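Below are two complexes that have chain A in common, paired first with chain B and then with chain C.
Now for the complex of A and B:
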């Protein structure tokens, strides 16, 4: 699968906008990301380990609801997850 | 009425050949807001650090009531009108004017949304209200219950564009603020790039060149979704002949996450 980053998280992944991962679930994908980019944990996740509310996740251009069980969500090699920061304004 | 006045010496950076540069007028939004807040309510750094609140700008309107050029004075006054907090401090509105000899040559108003920071490190924020300790420092006339109406022009019905175009761009680091989010000031500059590309295209309708040589009458901007450093987007531009005016409508769209609009810019010139 591909994970694409934008916004404030880009610095935490060394400005690698698109990251290829081999993971069966989003939970495993996040584990792989945090292993590779440990500095991503604090800006991405809150103290309880949930994705901070300022970020939005889009799987294949469909926005995931905040209460989605990401850890158990199955993904395929052709899936794309966009992680973007969303706060309206300029 | 609680106002702030700052004297701005005129230098070449502030002006183009037509008028004061739009990006400079927009830049006075935060200068004026910070000056007014510091004098009457709370300084910007303290608002963020102690009250964990900040603002993001949603809408701006700029108008140029009369012509004014680089050689017309040595300085002008930035007059900042009172801040008005709407909806228990959810939205903030402020107007400011650029004045010479008592006459306004440019004026702008901005609507901003208050955001509350949710953690110490500033990683998380969400739309909120000004803390009560801050609201108490506003006078009664500066606290208004109803929310302001979104102020964006609408196109006259049945108006057909005389030209359309698409311009792509990337948000560069020098166009971002401290959190690497695009700076609202540069949104107007991105629109200008789209306008220039369309007007200079080979075989373009010669009326479009009014967009290069005539001063602006007014500009309206709406910021709906932020962009961040190195994001790419396209600007879809439509040009309309509206009576004696030329109206440029730019919509900044991207497919970041999902197809969405980041900003809309209406520019009005005398044709």
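Now for the complex of A and C:
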């Protein structure tokens, strides 16, 4: 599968806009990402290991609902996950 | 036909008596509006207009609250007053809705009833992922240390919602009293909204009981949710001010003659006024449409692009129309005591408030690019 980042998270993946992974589920894909980019953990996940709400996830262009069980979600080699992050200060 | 006023006669008299006469002096001296004045505004129902009736509010919708702020912006040139009203109300509602029962009892109720004033302490001289203020566990309590660069209403606040990084790296939000040992608030002298009590906050190992935690996990997302709605309400009073400013400009120019002709009859003056009028009307239409949509809860709670675009557009029109006033007024534009130069300075606050304009541009542009890439590459 492919994972694509944009915005402020790009820095945490060494500006690799598109990352190829070989994983059966989204949970395994996230584990692989965090192993490769440990600095991604804090900006991507909260204390409980959940993806922060400021990141919107799109699997093959379909936005995933916030309560989706990402860890168990099966994925295939041709799937693409887009992570869109938008935030602004106060 | 003009709409009936949302302000009660008491509220109108309060603004005429307690706000309008002091606006020029407070701005000139960079002195905050008196805390007692804001508490009186709360007693008159100006703070709780959008709060539920069961906690003493007027039970108005978000749209109704936005319309009231628009009207306040139109009837008074004091941008600080409307800014503080909308900010204190937002913080009070945030604490009320998210607090534990104990925190509601100790802080939430007094905030929502307007007996105490709150402020939002988020901004540091860095980005959101590099926040330095720390919140570390100390047995069954917390220790808060760090510095917040700019807090609107900080000098007037009884308590502040402070965002800080835990040892895990995640952000939490806690409620801090200004009277807590180790809390230091310093006045900031700024170019606009000079009566809004802007402050820098220093936190010297402030000890907090566990009950003061408002948001324990992912407070970064919580802050973005807060700011999302803030962006929309932030626009409302300036929007009303724009309409008021346009009326004041025409009134100010009406007796002025050049070359034996009233300047309002000059084609170039009318053309500029026409551009200004179009800008104000477009901003009004856009803001009201977004208020309606958010009131119907059809928006993205964290980052709504209609809200972002509305805040961006209204803020740009504010700069442009205030600048146009300066151009049409000639030398009078610089005179302190007239509302024009002060309003221009007040509107500068919109360039940074609830997300800097340039950051909002990047957010909208980045989203457009990403969605477009998704369309043609998956």
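In the analysis below, the second predicted complex is superposed on the first by the 85 of 90 C-alpha atoms of A that agree within 3 Å, B and C clash if a C-alpha of one lies under 4 Å from a C-alpha of the other, contacts with A are read in each partner's own complex, and residues count from 1 in each chain.
The definition used in the following text is that a contact is a pair of C-beta atoms (placed from the backbone, for glycine too) under 8 Å apart; a residue touches a chain by one contact, two chains touch by 3 or more.
As the structure is a prediction and not an experimental result, all values here were calculated from the model.
K.L.:
Return fit or clash for chain B versus chain C, each positioned on chain A through the superposition.
P.N.:
Aligned on chain A, chain B and chain C clash with each other.
K.L.:
Considering only touches as defined above, state whether A:61 meets chain B (first), chain C (second), both or neither.
P.N.:
In the superposition, A:61 contacts both chain B and chain C.
K.L.:
Who does A:7 touch here: chain B (first), chain C (second), both, or neither?
P.N.:
So A:7 meets both chain B and chain C here.
K.L.:
With both complexes overlaid on chain A, does A:50 touch chain B (first), chain C (second), both or neither?
P.N.:
After superposing on A, A:50 lies in contact with chain C but is clear of chain B.
K.L.:
Between chain B and chain C, whom does A:42 touch in the aligned arrangement: first, second, both, or neither?
P.N.:
Both: A:42 reaches chain B and chain C.
K.L.:
Classify the contacts of A:27 with the two partner chains as first (chain B alone), second (chain C alone), both, or neither.
P.N.:
neither
K.L.:
In the overlay, answer first, second, both or neither for which of chain B and chain C A:80 touches.
P.N.:
It touches chain C, and chain B stays clear.
K.L.:
Chain C has the stretches 8-16, 80-88 or 260-268; which one runs into chain B?
P.N.:
Clashing stretch: 80-88.
K.L.:
List the residues of chain A that touch chain B in one complex and chain C in the other.
P.N.:
Common interface on chain A, chain B vs chain C: 6-8, 42-43, 46, 52-54, 56, 58, 61, 82, 84, 86-90.
K.L.:
For chain B, which residues count as touching chain A in their complex?
P.N.:
It is residues 55-58, 112-113, 115, 118-119, 121, 123-127, 179-184, 187, 221, 223-226, 228-231, 255-259, 263 of chain B that touch chain A.
K.L.:
Which of the residues in chain A come into contact with chain B in the complex?
P.N.:
Within the complex, chain A contacts chain B at residues 6-8, 10-11, 15, 17, 42-43, 46, 52-54, 56, 58, 61-63, 82, 84-90.
K.L.:
For the complex, give me every residue of chain A touching chain C.
P.N.:
Residues in contact with chain C: 4, 6-8, 41-43, 46-48, 50, 52-54, 56, 58, 60-61, 80, 82, 84, 86-90.
K.L.:
Report the residues of chain C in contact with chain A in the complex, numbered from low to high.
P.N.:
Residue list for chain C touching chain A: 120, 122-123, 127-129, 166, 168-170, 216-218, 220-221, 223-225, 227, 230, 302-303, 308, 353-356, 359-360, 362-363, 366-367, 369-370, 373-375, 377-378.
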